[in-house]
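Several structures are given next for inspection.
There are two complexes below, and they share chain A, which is joined by chain B in the first and by chain C in the second.
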Partner chain A sequence: MDYVLHLAALISLYGILALSLDLMLGLGGMMNLATAAYIGFGSYTYALATTRFMAPPLVAAAISIIATSAIACALSILLTKCSRETFVLATISIQMIFYSAVYNLEATNGSNGISGIPPLAIGSITTMSPVSFTSLCAFCLCLMFGLRHKLASSPFSLGLRALRDDDVAAANLLIRSNRVQPAVTALAAGAGSMVGILIAASSGYIDPTSFVLSESLFVLSCVALGGFESGAGAVVGTLILVILPDCLSLLSVDSNAIFHVRQCLSGILLLSVLRFRPAGLLGSTRGLE
Partner chain B sequence: MLSILVVGICKGALWALVAAGFAMIFGTTRVFHFAHGAIFVWGAYFFDALLIFKTPAAVAFLGSILLAAILGVGIDAGIYRPLQSRGAPPTTVLLGSLAIYTVLVNTAGLAFGDRTLVLRAGTDQMYSLGPILITRMQTVECVSSLALFVVLSIVFRYTNMGLDIRAVADNQALAEWRGINTSFVRLVVVAFGSGLAAFAGIIAGLDTGLDPTAGLPISLLAVSATIFAGSDRLAAPMMISGVMGATHSLITWFTSGTWADALFYTILFGALIWRAHKPRESTGEVS
Partner chain C sequence: MFFSADHIVKCFEGNRVLSDVSLSARSGEILAISGDNGSGKSTLLNILAGLVLPDTGQVLTSTEPLEAGSTKLPGCHKLTGEVRLLFQFPRLFRGLTIEENVRAGLRDPLRENMLRSILPIPAARESGARFTVQQLLKKVDLTSLSNRYPHELSFGQRKLASVVQLLAGNPSVVLLDEPFAALDGDAAMTLTSLLAENQKAGAIAILVEHDLQHIDALKTPRKFRIEAGRIMPLSERGRS
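Then we have the complex of A and B:
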């Protein structure tokens, strides 16, 4: 039972990330590979605020979400003029800078990580018990799904899509890339930091190795597998990519091997989708054109 | 201090080789071949695997370069070409390339483990030239990179094959119409570029050792250098990579290694932003 709950929580968390990346990539055409940095930044801000500055967990969570969104927004203003390839490279750089910084800073305790992070509690729902943690994650997933759905059918998303399809025409319609794109980046980063907070609050311990580029690539695979511009697609892609390798983990015990197998599998699935069904399982290819 | 600079230049020369291979492949195929860094790493692992089977070192060396070339051609023929012939947008091909990178790096991790692979046993012989201390491997790095660069320039400038490669890079449709076998040129370029990466990988493995993720900074740098300098002239991306390689060594020396990566990526990020904010006309942006 605990295993099923754990799996459900994992799917919910990655689902949130996939949905937020779909907002950026599917609607906005921005291939962001700094997802893990957002999660990490959220986790670390929460952990530092609660353990160093003794902030109440809820306040720390709010600070963490706001800080992550603000920084992502600021960085994304710098990136609005980049071509798509440059955007990919720049976000990979952000990811690597973040990893290297938390790995080396004394404040983040380097590779030892931070332990003793207090759990998050809202009334009787706490991140400590598996049942309420999983339901909290599932609730956040539903929230994110609803938000994505609402946003995808709003005038805001029309601007985002216009920028994706033709930035000159969009500029002609007075859609400003330096407003629309940072806004959606801030939203995605906020969602990422929420996931980070949930992870930190439930396990009580974080270290830099959870926030590596492979995680960002994994989320990207989830979105691409499910299909761009589709909320259901992002969730289905996550479902497949989380469950499939986890079945393998029942056979073997070496967690490191499982990590590699999971990455390999997501890569191979992604390649076969690109090759044989470029729209993904449930989506459209327009995000990439 | 001078020694550090020389060591840095040696490392830079090696990175420049990888960048040259990348720029060649990009020029001909128009693919951001992100997995190039993984081929760099696999070159070293192929070498290691062949040594395990008691192959003589020279044979293993050539064999692993050949295997890497086959791997590169396989990726191109199996993934990039079908994607492009279907008319997939460049970003999709880039996504494919990232996926290949993931698969290759993680298969290396599965097969050989995540620890650093050092191909050489014991410490290396040191030479001193006045105040400069240099190991045998670093000399090999420097000399072989220079030699290969000269060979590359000659091939590009004075042979028929070089002319064909440049023609295809310049205008593929026109080259095809003129009777150049473009798919053969493409095959040669990808094989040669991958071979260069593998060569660099083996040397890096012999010198400082590498782990499966070692290809990432080199890949990133090669892609960025090509975005900066274009792929018309191999010398420009090579120079950029060389300078950055040397810078990386210098930063490593001055900050005792801990901050080298962070600074390296910050420089890269800054440079990319600066490039993106320059006026469109003069950038020669590749997209």
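Then we have the complex of A and C:
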């Protein structure tokens, strides 16, 4: 039972990240590879606020989300004039800088990480109980799904998608990238931070190895597999990529090789989808020539 | 509303494309500019639209009165987004339907405001926007294609959709780069009537066009020709 709950929580957490990346990439055309940095920043801010400054968990969580969103928004404003290629490189750089910083800084306790992080409790719901934690994660996933759906059908999405398709033509219609893109980046970063808080509050311990570039790439794979510009696609892609490797556990694969077999299978699956259905499993193909 | 370009000079890699080009227009005027290929027509429009910076000179808009005979604008200020350009090749957003493309052209602050977009939008506002878009599409006979994507339309239909997208925001100045190119007779007439309607509404239209027949059809007294980077009134001699 605990395993099923763990899996459901994992799907919910990655689902939130995939939905937030889909907002940036699917609707906004911004290939962001700093997702793990957002999660990490949220985790570390929460952990430091609660363990060093003894802030109440809920206050620490609010500070963490606001701080992550504000920093991501500021960075996005700096990057609005960049080309798409530069933007991708910049987000990889942000990811690398974050990892190096938390790995080497004394304040973050370097590679030893931070332990003794208090759980988050909202009324009777606490991140300590597997059932409550999974319910909280599932609730956050539903919230993110609803938010993404609302945004995708709003006038704001017209501005976002217009900038994605042709930024010069969008500027001609007075749709300003320095207004639209930082806003959606802040939302995605806030969602990433929320995931980071849930991870830190449930495990009570964090270290830099959880927030590496491969995590960002995994979230990107979920979106690419499920389909760009599709909320359901992002969730389905996550579901497949989280569950499929776990099915291998049922087979008699050598436990030392299982990690590499999982990676290979996920890669083959992703390549197959991108080859035969470039828009992803549930992504819209109507706008594609 | 007044619009002027003062002493515009533009060089590309040492080649002077525009030499001391000045022009001005007031509300309801149509300025038609002709010229050969490579004469600098499109460069001039891109500069007027603010997409390309001139080497020297400036583009100005003003809502204050213009003194008679003056080419300088009093209290002028830089471009404020009142100016929209129709590109030579339609640049519709490929991931948006035609209806969404036209709607993106409306001056709706919600296009840039994420927080307000999340909140419920009043039904009257939503239906008002839809009605405006449908009316515009009706004018260019694209109502039945409103749910199609740009690549599913012909070049002429895409061009007309671009025109209504442009006009959806009621810009004070409309710049059109070869608007009649590749349009058939009916589409050209539709475009001419849209421009006349826009003129009646008090907007300024500046268009560059290779084909003099289309310029004549606009019945505007303000016709110019660009030659060797210089702008001059279009005389009968210039037509030869």
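Quick note on the criterion: the second predicted complex is superposed on the first by the 267 of 289 C-alpha atoms of A that agree within 3 Å, B and C clash if a C-alpha of one lies under 4 Å from a C-alpha of the other, contacts with A are read in each partner's own complex, and residues count from 1 in each chain.
Keep this in mind: a contact is a pair of C-beta atoms (placed from the backbone, for glycine too) under 8 Å apart; a residue touches a chain by one contact, two chains touch by 3 or more.
For clarity, every value in this text was computed on a predicted model and none was experimentally measured.
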| item | value |
| --- | --- |
| Partner chain(s) touched by A:49 [first = chain B, second = chain C, both, neither] | neither |
| Superposed model, chain A: greater residue contact from chain B or chain C | B |
| First (chain B), second (chain C), both or neither touched by A:89 | first |
| Which superposed partner A:180 touches (first chain B, second chain C, both, neither) | second |
| Which superposed partner A:189 touches (first chain B, second chain C, both, neither) | neither |
| A:19 touches, of chain B and chain C: first, second, both or neither? | neither |
| Chain B versus chain C as contact partner of A:158, first or second or both or neither | second |
| Touched partner set for A:168, first chain B, second chain C, both or neither | second |
| Which superposed partner A:267 touches (first chain B, second chain C, both, neither) | first |
| Which superposed partner A:240 touches (first chain B, second chain C, both, neither) | neither |
| Touching both chain B and chain C, residues of chain A | 289 |
| Chain A - residues contacting chain B, complex | 29, 31, 78-79, 81-86, 88-90, 92-94, 96-97, 100-101, 104, 213-214, 217, 220-221, 224, 256-257, 260-261, 263-264, 266-268, 270-271, 274-275, 278, 285, 288-289 |
| Footprint of chain A on chain B - complex, ascending | 32, 79, 82-83, 86, 88-92, 94-96, 98-103, 105-107, 109-110, 114, 216-217, 220, 223-224, 227, 258-259, 261-262, 265-266, 268-269, 272-273, 275-277, 285-287 |
| Chain C - residues contacting chain A, complex | 49, 51, 81, 84-85, 87, 91-96, 100, 103-105, 107-108, 110-115, 117-118, 121, 129, 149, 151, 165-166, 169 |
| Chain C partner contacts - residues on chain A that touch it in the complex | 147, 150-151, 154-159, 161-162, 164-166, 168-176, 179-180, 183-184, 187, 229, 286-287, 289 |
